[in-house]
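In the two assemblies presented below, chain A is common to both, partnered first by chain B and then by chain C.
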Partner chain A sequence: MAVTAPARPRRGGRGPRALLLSTAGLLVALVFLAPYLIMVIGSFKPRPEILAVPPGYLPRQWRPDNYVTLWSTPETPLPLNLISTVVISVCATLLVLAVATPAAYYTARHRFPGRLVFLLLVLATQMLQPTVLAAGLFREFVVLGINDTWLAMILVNAAFNLSFAVWIMHSFFAAVPREIDEAAMLDGASRLQTLRRVTLPLVWPGIVTAVIFTFVACWNEFAASLVILTTDANQPLSVALTKFAGQYDSAWQYVFAISVVAIAPVVLLFALIERRLVAGLTAGSVK
Partner chain B sequence: MSRADPAPTRSAPTRSARARWARTAAAGPWLVGVLVLIAGVVLFPAGYMLWNSLRDISEFGVDRGPAGLENYQRLAELAALPRVLLNTAVWVVGVVVITVLVSLALAQFLDKAFPGRRLVRMAVIVPWAASVVMTATVFYYGLDPFYGIMNHALVDIGLLDAPYGFTKNTVPAFAVAMGIAVFVSLPFTTYTLLAGLQTIPGEVLEAAQLDGAGRIATYRRVVLPMLRPAIAVATIINIINVFNSLPILRTITGSIPGYSADTTTTLTFKLIQADRQVDTASALSVVNFVLVLAIIVVYVRVARPMREH
Partner chain C sequence: MAEVSYDTASRVFPSSPPVRAVDRLDLDVADGEFLVLVGPSGSGKSTALRMLAGLEDIDEGAVRIGGRDVSGVAPKDRDIAMVFQSYALYPHMSVAENMGFALKLKGVPRAEVRARVVEAARLLELEGYLDRKPKSLSGGQRQRVAMGRAIVREPSVFLMDEPLSNLDAKLRVETRAHIATLQRRLGTTTIYVTHDQVEAMTMGHRVAVLRDGLLQQCDTPRGLYGHPANAFVAGFIGSPGMNLKTVPLGPHGAEVDGLTVPVRREVHAPGLDRVTVGMRPESLRLTGAGEPGADLTVELVEELGADAYVYGTVTVDGAPERFVVRVDGRTPPAPGHRVRIALRDTDEVHVFDPVTGARLN
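Moving on to the complex of A and B:
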C-alpha cells in the first residue's frame, strides 16, 4: 500500500535542469498559495482600503487590530462561533475514535461471517455525504428534538467521517504481525493489555492520521451545519462567514481575518499527516 | 488470517452454522458503535427522506398526509429543471475531467526530484485543508470588477483590458465556480496519482527506455496503464465530491436570481432554505441519492477496493 511505498532514489538533484524545475515549482506553489496570500494581506487592511477602487496590492496602513475588533463584529457572535466549531469538531473526533478503533482492530485481526458486508457498508458511507441526506437529517433531528444543537452536528460529523478512520486504522492494524500479539499473550498479557501496550503503540501513526483528518473535515463542515444549525450562536465559523457575504459594504477585512484564524491551524495539522493522507482516502485500492 | 479459526466440520452442518453465528456475535461488541452511527445517521435519514418525498409537508414542517408521487411530479414540472440537469452534467463532467488532466501533469512534475520539492508539495495541500467556503469567498472578492484584486492583477499583467464582472452573470460566474472547484479538487487528486506513480518501479521505466521507447511512448504505454487504478479511484471520489459540492456555487452564483446557475445539489438547498419545500426537496434528494448509489456501484466494480492486500 501507499503508506509503505519506498522512496524512489533521488536523481538529478543539481545543475541547470534542477534550477529550471525549482523555478517551475515556485510558480506552482505561488498559484496554490495566491488566494490565501490575498486573505492574509486583506485581513490587515483598514476598511476603506479593502473597498478602494482600484485596489492596492498591499495595505498602505497595516491594521493588526482587525484581529482584535473582529471578535465584537455585529454580523455574527464570533467568539461563540469559534466555541461551536471547537466543541463540535473535538467531540465528533473523539466519538469517531471511540467507535472506529475497536472496529478497525477487530476486522483486521479476525475473520467472521459478515465481515465483508460490514467493511463494504463502511466503504459505502465514504461515498455518501451529508449534503445528499441533508433533507432527511433535518427532518430526523426535528422529530428527535435535537435540531439546532451541537449534538446533532457531532453525530452527523462522526457518522460521515467514520469510513476514513476505520479504513486507515484497519490497514495499520493489519500491518502488525500477529506473532507480536501472540508473543505478548503467551507472556501472560490479557487481550486488552496486549492491545494497549503492544499493538496501539505500533499503529499510533494510523491513529494520528485518522484523528487529524477527521478533525479537519469536521472543522470545515458546511452543508449540514447550514441546514441544521439555525441559531447564530450555534453555527460554526464556516457558516458564520456567510453572514458577511452579499452585503453592499461587506466587512471583507473581517471575512479574511476569520478565514485566516480558521484555516491556519488546520493547514498545519494537515501538513503533519501529508504523506499518509492518500492511503486512507483511497481505502487500499491504490497500490 | 483464518488460521486461528476452527475448521468447519462438514459432517455437522447445524453445529457449524451455530459456530458461524457465534463468530459473528463475538464481533458484535467491537462493531456496535460504528453500526449504530451508520444506522442512525446514514441509513435512517435516507429511508426517512424517501418517506418524506411521498408526503405533503407544510412550510412549517407539519406532515399533512400522503402525497403519492405529487412531489416528484412537481419536480418534473419545474420549468428550470432541464437547465439544472444540464448544469449538473456540465459541472460534474467538466470539473472532474479538467481536474484529472491537470493532476496527471502536476503529479508527474511533483514526482521529479528537485530542490524545494517538499515545500511545493506542502503548498499544494493548502486548498485541501482550507475550508472550501472560505476559499470560494476570497475568489468572489478577488474577482469583483471594482475592488477585486485578482481582476486588477489580470489587467496589470495584460490579460484583460479592463476589469470584468466575472461573478455578475450566469455563464461566466458558473465557469468561475467550475475553476474554483478544479482548484480545490487538485490537491487530493494529485496526491492520489502521486501515490500511484510511486508504485511504478524505476526499473520498468528504464527497461522501456532501453527498448527504445521515447518519453511519450513510455508514458502512454507504461505509466498510464499502471496508473489506471489510481486514476479510477481519484475519478470516482471526485465525481462524488463535485456532485455534492454546495459552497462554491452558493458563494459565487448565490446572488444571481432564479435557478439558471444551479445544480441539483444547490437547488435542493434552495428548496429547503429559501422556499421551505422540504417535501419537494426530499424528492430531489432521493433522485440525487439514487445517482450517487449508481456511481458507487460503478466504483466498486471498477476499482474493486475490497481486494485483499
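Moving on to the complex of A and C:
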C-alpha cells in the first residue's frame, strides 16, 4: 500500500485558497482605507465639485493650491493652530516622559506601602474621559488664572496620558532583572548612572511605545481644547478643523486638506517606528 | 586584598513575626582565603553575602572589610565585585564593554581599560568573543564573562552567589576547578555561596554551614566531614549522607539491631536513654553471619565501578530504618538478600544529642 505524506500547508503559498485570502484581505483594507482616499482626493477638488451630484471619483479640475490658500483663510489663523498643536503635543509628551519614567522605575523596583493602591489610582484616571472633566477643568483653570493658555492644555494632556505611560513603562522596567541594577551598582554606578546607562537602554522599546501613544493622543485631543482654549490663535488643529464646517456653509476642500496636514506627522511617526512599536506592545505578554 | 569579618551581624526582614534571615553571624575570613557559605535554601547564605555586598541592610552588628566598618557604605564604595547566579550581564553591551564598565565609570583611561579587559579575556579564554553581545554566547561563556567583569576590577573581595548553578553537570565540574585555580593565582579573598555541598567541599579553604540564619559550623572541609559539630552538619555534608539514627542507649552503648555502638562513659548522662548515632557509609562494612552486627535487607545497589553503595533497611526498635553502606564494587550483594553489617572502626562513630543535635563525643 502506498503511503502518501500529507501535503503541508505552505505559508504564503500559491493556490486558490491563498488567492481568496489575499482578495478578502485587500477588500477589508479597502473598506478602512476608503475614507482616507476620499479625504486625500477631496482635498484636491474645487469646492463645487465636492458638492456636485452625482459626485465624481477623481477631480476634473485638480486644485493643489488648496494647500496654499488654507493657511490664510478667514475662518481661523491656521499657521498659529499648527504651532499650537505642535507646542502642546511636544511639551505634554516631554512632561509625561519626565514624570512617568521615574514613577514606573520606582514602582517596578520597590515595594512600598500603598503601592497597589497607587497603581490602581493611576489606572482609574484613565477611566475618566476628557469630555466628562472639561467643564470642571475649565472652572479650575479660571481660578488658577491659566485658562485659555498652552500651559493649561499641556497639563491636561499630560495628566490624561500619564497613567498609560506609567503602566506600559512599569511592565518594561519590571521585566529587567533586578540583578542587572545591582551589578551596575557594585560596578560603581550611582543610582542615576545605573538608570541612564544600564536600565534605560534596556527599556527603550517601552519608552518609544509610551512616547508614540502619548504624542498621538495629545495631537488628536479635541474635547478639552474646545472648552479650555477660547482664543482662535491658541486652538490646536483638531479644534480649528471644526471652523470650516458650518451650519449653512462648509469649506469641505479645506476640511479635507487640513485633515491631511493633521494626520501626516502621526502617520509618518508610526511608519518610522512601526517595527519597534509592535515589539513594544507585545513584550511582556509572552516571555 | 583584605580580610572580611561579620561581627554579630543580623538581617531581620520586617514581617509578623520578623524573620531573622541572618542571625548574629560571627565569621572571620582571612586575607586571600576562599570561604564557602553553604546551606539548604532559606538558610540565609545568600542574604549574608548580599549584606557584605551592601545589597541588604545590616540591622544589627557590623560587617568589616579590611578592618573598615562598611555597614553604612554604598555598594560602589566597598571595593568588591560580585558574580551573580544569573550572571546579570548588561545585555546591550558587548563582552568587552561589560567587562570594562566598572573601570570606565572609575575614569580609567581608555587604553588601560582595553589592556586590562584583554588580559582578563586571555585568562578566561574569551579573546575571540570581546565584540559579541551576551545573547550570542553559550551559558559557559556568559559565566566566564561574569567572572571577567569581576576580575578586571581587581577588587579586594570577590563575592560569588551560586555562579555555577546554571551550567550543565560536566561544565560545572570543569568551571569549579577553573575558579579554584584562578582564585589561588589571584590570591583575592573570596566568599562563595552554594547549596551544593560537593562544590563547598572541593573549592573552599574553609566552609561555613548555615541553617535558618544561624551559623552551624565553620571549618576546613576535612574538619567538617570528620568532626561535624551537630547532627545537621553531619547529615548535610557528605554524599550519600551519613546514616543518622536515634536509637536506645544500653549499658554497653547505642543499640542498632544486633550491633552495639560503643559510646564513651561521659555520654551516659542521667536521664539520657536514647542517642543519635551517625555512621558514614564507608564506616560500615559487610561481615559474616556469625559475627555481631545488624541485619540489613538489601533494597538497591548503586554500582559506581570501584565502589558500590548498598541501600537497605535495618529493624531498629521494631521499625525499619534505612541505611547506606559502601562496599567493594567487585562483590556487591544482590537486592532482596539479607546481609550483616558491622562497624569498620569504633572511632568513626559520631554521637549526638537526640533533642538538641549537639555533638556528644
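Just so we're on the same page, the second predicted complex is superposed on the first by the 251 of 287 C-alpha atoms of A that agree within 3 Å, B and C clash if a C-alpha of one lies under 4 Å from a C-alpha of the other, contacts with A are read in each partner's own complex, and residues count from 1 in each chain.
One rule holds for everything that comes next: a contact is a pair of C-beta atoms (placed from the backbone, for glycine too) under 8 Å apart; a residue touches a chain by one contact, two chains touch by 3 or more.
Being a predicted model, the structure only gives us computed values, none of them experimental.
Applying the stated contact rule after C-alpha superposition, one finds that A:S238 touches chain B and leaves chain C untouched. Touched residues of chain A were counted for both chain B and chain C, and B has more of them.
Legend: residue contacts after superposition of the two complexes on their common chain; A:W252 is shown touching chain B, with no touch to chain C. Of the two partner chains placed around the shared chain by superposition, chain C is the only one that A:A183 touches, whereas chain B remains out of contact. In the superposition on chain A, contact of A:L121 is made with chain B only, not with chain C. In the superposed model, A:A52 lies in contact with chain B only, and not with chain C. In the overlay built on the shared chain, the residue A:Y67 is in contact with neither chain B nor chain C.
Those residues of chain A lying in contact with chain B across their complex are 1-2, 5, 7-13, 18, 21-22, 24-26, 28-30, 32-33, 35-36, 38-39, 42, 50-55, 57, 95, 98-100, 102-103, 105-107, 109-116, 118-125, 127-129, 131-140, 142, 155-156, 158-160, 162, 166, 171, 174, 178, 216, 219-220, 222-223, 226-227, 237-238, 241-242, 245-246, 250, 252, 255-256, 258-259, 262-263, 266-267, 269-271, 274, 277-279, 281-287. Those residues of chain B that touch chain A in the complex are listed here as 1-2, 4-5, 20-21, 23-24, 26-27, 29-31, 33-38, 40-42, 44-49, 52, 61, 106, 109, 111-117, 119-135, 137-142, 146-150, 152-153, 183, 186-188, 191-192, 194-196, 198-199, 202, 229-230, 232-234, 236-237, 240-241, 244-247, 250-251, 254-255, 265, 268-269, 272-273, 278, 281-282, 285, 288-289, 292, 295-296, 299-300, 303-307, 309.
Taken in their complex, chain C has these residues touching chain A: 53-55, 74-76, 80-82, 84-86, 88-92, 101-102, 105-106, 149, 153. Only residues 177, 179-180, 182-190, 193, 198, 201-202 of chain A touch chain C when the two sit together in their complex.
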